[in-house]
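Two complexes are shown next, each including chain A; its partner changes from chain B in the first to chain C in the second.
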Partner chain A sequence: MIPEIEYLRPGNLQEALQMLSEYGETARPIAGGTDILPGFHINSRRFRDIKTLVDISNLPEITAIREANGGVYIGGAVTFTDIVKHPLIREKYPMLADAAAQIGSVQIRNRATLAGNFVNNAPCADSVPPLLVYDARVTVRSLRGERHQPLGEFLLKPYRTQLQPDEMVTEVFLPPLPAGFRGEFYKLGRRRGVAISRITLAVLVKMDQRVIEDIRIASGAVTPIGARFPELEAQARGKTAEADFLKELAIQLGEQILQRTGLRWSSAYKLPVVQQVFYQLLRRICQ
Partner chain B sequence: MKKSKFNIVGKPVIRQDGLEKVTGQAKFADDINYPNQLYGVMVRVPVAHAKIRSIDYSAIENHPALTTICDANDIPGAKKVGPIKQDQPIFCYQKIVTPGDVVAMLVGESEEELLRLRELVNVEYEPLPVLTDPRKALEPDAPLIHPELGSNLVIHHPLRKGDVEKGFAESDYILEQTYTTPFIEHAYIEPEAVIAIPREGNKGVHIVGSIQNPYTTRKVVAAVLGWPLAKVRIQQAELGGSFGGKDDIMNILSARAAVAALKTGRPVKIRYRREESIQESYKRHAYYMHYKVGFTREGKIKAMKIDIIADGGAYSSMTPFVTWRTVVQATGPYEIENVWTDVRGVYTNNPYAGAMRGFGSPQPIFAQESIMDEIAVQLGMTPDEIRRINGFRSGSITATGQKLEKHDVNVLTVLETAVRETDFARRWRENQQQTKKRLDLAALEEAAANPGPFILHKEDFLEPEEVLRKGIGLAVSFRGTSLGAEGVDAVAAYLSLQQDGSAYLLSGLAENGQGMRTTYSIIAAEVLGLRPEDIYYLDLDTGYVGDSGPTVASRATLMGGGATKVAAETLRQRLEKVLRRHWNLPETTNFVFADRTVYPENQPDRKIAFAELCNLAYWEGVNLATIGWYSGPKVHWDESVGQGPAYFTYVYGCQVAEVTVNLSTGEVYVERVVAVHDPGTVINLLGAQGQVYGGVTQGAGYGLWEEISVDQGFIRELNFDQYLIPTSKDIGEIVPIFVEGEERYGAWGAKSLGEPTLELTAAAIANAVRNATGRRFHHLPLNLEEILLGRKLYPTSKRGSV
Partner chain C sequence: MKEISIHFTVNGKKVSLNVPSRKRLLDVLREDLGLTGTKEGCDVGECGACTVVMNGRAVHSCLVLAAQADGAEILTVEGLAQNGELYPLQKNFLEYGAVQCGFCIPGMLMSSYALIQENPHPGEEEIKEAIAGNLCRCTGYKQIIQAVEATVKR
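And then the complex of A and B:
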């Protein structure tokens, strides 16, 4: 049941930051509410101490998508529906549009927001693997100031980020992608609609003839948090994309996931499958 | 075409209650509020099996948020209820036998406060050994769930026909397989809600709720209160889904609300959240089925021996009747000389199992249709061939010794229609030829418990082009209509014509979302020459028409349709009499009722408007209201050997599923389902198609995703993030085809459709997966792990784990 809670609706970002600063740990920003509200219903420990909700869903400063510095700035409270529909994102960052289109249902995508998807750092956050391979940077603001950092550093461990109680993720910056990269986002759920991810992969590859000139690999739902695989990437650079090597790479991905995640109840299924689908993904991209 | 003789019957009619439902105006039980109302909140104990020592309310009894507490001590009448055996307490007072059990209900104005207070009730209990495996329920040292009964056996249905040992001796081959199916949640969109209103003077209590079977609810509430039936009035609110699930649980919640309402003198509402709904409500039975089949090299089945254990969970509920349908239908629509079947329902500490759409048929159909395909493969036949050899024909004798006659026995007709529509045999054979490289992870995993096997070898990898495999599979069934030898089978329908030609209609059966109001309105309109929208359907209230039994067993169209037709024909005859007098026509004159007019046959120019005729009758003092009554013919049953004419007639269906299986992930996508059904006469084409779309989708859920799994009696899947039902994206095209067989019962031979549409799909999908992968799967659902590993994996921790 949703507890009785103080609900505040700031008129602009400055007001919102003041409220967060004033209420501290007992306040939480709410945008779509697609994580917090079901969390209340099951009395989730993550939300039990909240006394005040600060509604940021309509703040103009964080609900816009703009083009600058050769890349794209996406406001933290931009919904997935907006991302799916945005021509620039579809054209330049298609894996993010793909991932966004597969999140929840139409109704959920109409409410759920980009920053809302990763500020809780759930392992199955679908936007994270594509954002990681696009080298996304987050802008974090509070009354104390503003900082920028790579998303990979912002995400610490399951359900833990660098975000402080008085802070808010205001924007996500996707830098320009060098020419020649192509990639694919892959999601496996138990069903096709309204599915929580069991495996996600985002892979970007730049080929020079048959040689892998550059590669970026990220996963979600199979690792404790969404993450890149730098060793794997380093190893693949300069190699010929032949089936035998791609299989080797897939096996190593499996080994690294096992190392990072350890054995879980789901390992017997997920580990072999992630190697299979990663291999098939590489075969398709490197053709 | 028989349809041509009708004006409306068989055409697509938009349902009468559709608009208010899709626009959010319909009033469901929780939309109904009364001034001064209280809420009831349940107190449970987190244990699956225990003896209750004491319940201590001292920490909360003086709390201002608490108006009163109700427990077993407040019940004036029956403390335990149940449709067949009265083994389920309204409030537990001796034992807890499953985690959904309720020991008390806190009553007050704020639900939120009560939810907090219930944590402070101190129940002292002595834990008892927990029984979760129904296959161990009858072992001598098994813990007894209800010790006073002396055994965990709820029911045993034996069926003995011919001599199975002789049949096996005459067989060229014998095939033995074991199949299992899990508990299933109804997943109605609207969780339980009910409000009880105490009334002044001797008016008793009025209950409005999300209730599937108001007359059953009335019986339970009256028994619990120790009151006469007439002092309890049950009204059905608009109901947001049931699928057989709003029976026992709603009877019990209604009784709790009534007890509290009478104790406090104020209206009391109970409404469940999804978790509580899934935790306490009953499920479809989990089945463990062993089939042994003997057959000749020509494909003739000589003998079938079946041993089934049904997990009834903590209470008997409908287990005796659910398993009875199983014993009648377990051999499928095949004529088999020698049959030996044992179906046993047993108690465990699992959630209790009761009625759910299908009612004891989806489980054996999965087993029997799987094994039929295995026989075909073994003999080098196609699945349709083996069924053609053994399928029922007119005059066939069923396993219960019943001769199928006096209706179209359409097993083979629906089969041929489906096979033709899908080019089945050719495609099935083609798929069988596919080279089948697949991951054998089960073998990998067995190798060791160390992580090694989870890492693939290079030779294990599949290339993108060899990942997807097509499969096609079919399943056929016969289904006894209505209640059969389970019980009394009679229905009332009240029809009242008004002076202006409009009409009220109400049957004693309930609109549970199946579109029954529209079906009945079509039937009345067809007889009287009206339009369905001229008929105004009344709210169901047990005070208005006679007890018509429960709205179950796909009996509404057949039985209530029959009653509605009787009522409409009675009034039509009265109107004809008025007209003969008015126009001075002989007794032999026949009339045509059409387009809101009436005229003598062959004299279409001599027309009277229906409204004018009603007005005429009204001023002549003619009774324009009547109650139609329709009762099924007698059936009988010898329970010692399971022989007799179990049901008075049957319906037949065949579904073909076309799937794509992803060999690297275990995903199964249902591309297309062709569903061919003989429901007798179709009354509302749109309603019939809707039943097929819904039933097939629900059946696909049973096949691929749905499972209530139980850990020491506790349900793991308490909401729809974990209990997965298919979405519109998860199933491709569904093609309904109706073969309308001749039938003498019901309105113009309109029989049953709701359950047949659901019972076949999982079996057809499993056969299609077999066709695609070359591998037989014995355990529903065929989820990702089942397909790849041949077993299920369950989370070891709580929610959120992936």
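And then the complex of A and C:
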């Protein structure tokens, strides 16, 4: 059941921010509604205090994808379908397009937004690992002003971000990726459509002959929230990409995941899979 | 009860009504407009039985607040047949035995319809992707895919 709620539709961003500031904790922006409405339906604790929904899905200021500063700005209400179809994102940030294409189902992608995916910050949010390896930055607005933050800092813990009740994510910036990076996104789910991810990995590597010049690694679903692995990345830089070393890196990835999550009932299954998949990804990217 | 007034187009007809703001598009279609072809299955975006086409895109009507459909063009399964004649997709669903209990069929039709509008000659993979969010517990999907294929080949 959807509870008694008040529905507000601001005409522009400024009005939306005013509403959020006025209603505070009891208000929540709604765009695609693909997390909030099922959440209401199962009476999820996370959405119980909501009394007012502020519909931001059609605000002109946040529904566009634009090219600037060498990168791409994606508006806070841009849907996954918009992302999948966007030629520039497909060309320059293919892992994001790839992840977006595998989210939910056509019906979900037509409504669900990129910003909603990481603001909800479920451990299995598929867009997060690619965004993290692309060093995405978020723009957050409120009546108090605007701030910019790397996504990795913005995300705090499962279902928690630094977003305050009066704030809204207005844009995501994907900075230009230095030439020479190649990458791949991997997702394991139980069913083809609408699968909750069990494992996601995003890996970007820049090779200089046989040497790993730079590398970015992120995972989702197997870590409490989507996250990068800075120690692992540091360790790999400057190393020759030979099978033994890549295997070693994969073993360590498994160990770091275990450290972050603790032993779970599913670890016995997931860890070897993560390690094997990661190893194979590296082999393909580095060859 | 908090109410909101909405104006939208459903199957080509302009509709205006006041609805409680907690009602979903699915509820308004079925309860207020009597369009019960759109089915209510899981209510959480997993089964696709409630699929309608909104502004040209397939959406779950269980995940859209009616208020969010204000100003939209909605097409439901009732809007497919024209002048008493079934839409080609519907004819092929019958011809290929793609309908058993029928519960998933309105959703399947609307997902396939949205696909064909956007991409008149989809391949098998594209058809499968378009209906990946629609569950069918009877047919095994094969006949449904064949029916869509037959429609786009003509």
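A few remarks follow.
By definition in this document, the second predicted complex is superposed on the first by the 287 of 287 C-alpha atoms of A that agree within 3 Å, B and C clash if a C-alpha of one lies under 4 Å from a C-alpha of the other, contacts with A are read in each partner's own complex, and residues count from 1 in each chain.
Definition applied: a contact is a pair of C-beta atoms (placed from the backbone, for glycine too) under 8 Å apart; a residue touches a chain by one contact, two chains touch by 3 or more.
The model shown is predicted, which means the values in this text are computed figures rather than measured ones.
When the two complexes are overlaid on their common chain A, residue A:R111 makes contact with chain C while staying clear of chain B. With both structures placed on the common chain, the touch criterion links A:D244 to chain B but leaves chain C unconnected. With both structures placed on the common chain, the touch criterion links A:L13 to neither chain B nor chain C.
Touch criterion not met for A:A64: it reaches neither chain B nor chain C.
Once the two complexes are laid over each other on the shared chain, residue contacts for A:E4 go to chain B and to chain C alike.
Here chain B and chain C are compared by how many residues of chain A each touches, and B touches more.
When the shared chain is aligned, chain B and chain C each come close enough to touch A:I42.
Residue contacts after overlaying the shared chain place A:E255 against chain B, while chain C stays out of touching range. When both complexes are overlaid on chain A, the residue A:A268 reaches chain B alone and has no touch with chain C.
In the superposition on chain A, the residues of chain A touched by chain B in one structure and by chain C in the other are 3-4, 38, 41-42, 105, 192-194. For chain B in complex with chain A, the residues that touch the partner chain are 111-112, 115, 273, 275, 439, 441, 444-445, 451, 454-456, 458, 460-464, 467, 664-667, 669, 705, 719, 721, 724, 726-730, 783-785, 788-789, 793-797, 799-802. Here chain A touches chain B in the complex through residues 1, 3-4, 38, 41-42, 105, 122-124, 188, 190-194, 196-198, 221, 243-244, 247-248, 250-251, 254-255, 258, 263-269, 271-273, 275-277, 279-280, 283-284, going by the rule given at the top.
Chain contact summary for the complex, chain C toward chain A: residues 1-2, 4, 20-24, 43-46, 48, 51, 57-60, 62-65, 67-68, 70, 111, 114-115, 128-130, 132-134.
Contact residues on chain A toward chain C in their complex (touch as defined above): 2-7, 9, 30, 32-34, 37-38, 41-42, 53, 55, 57, 81, 104-108, 110-111, 192-194.
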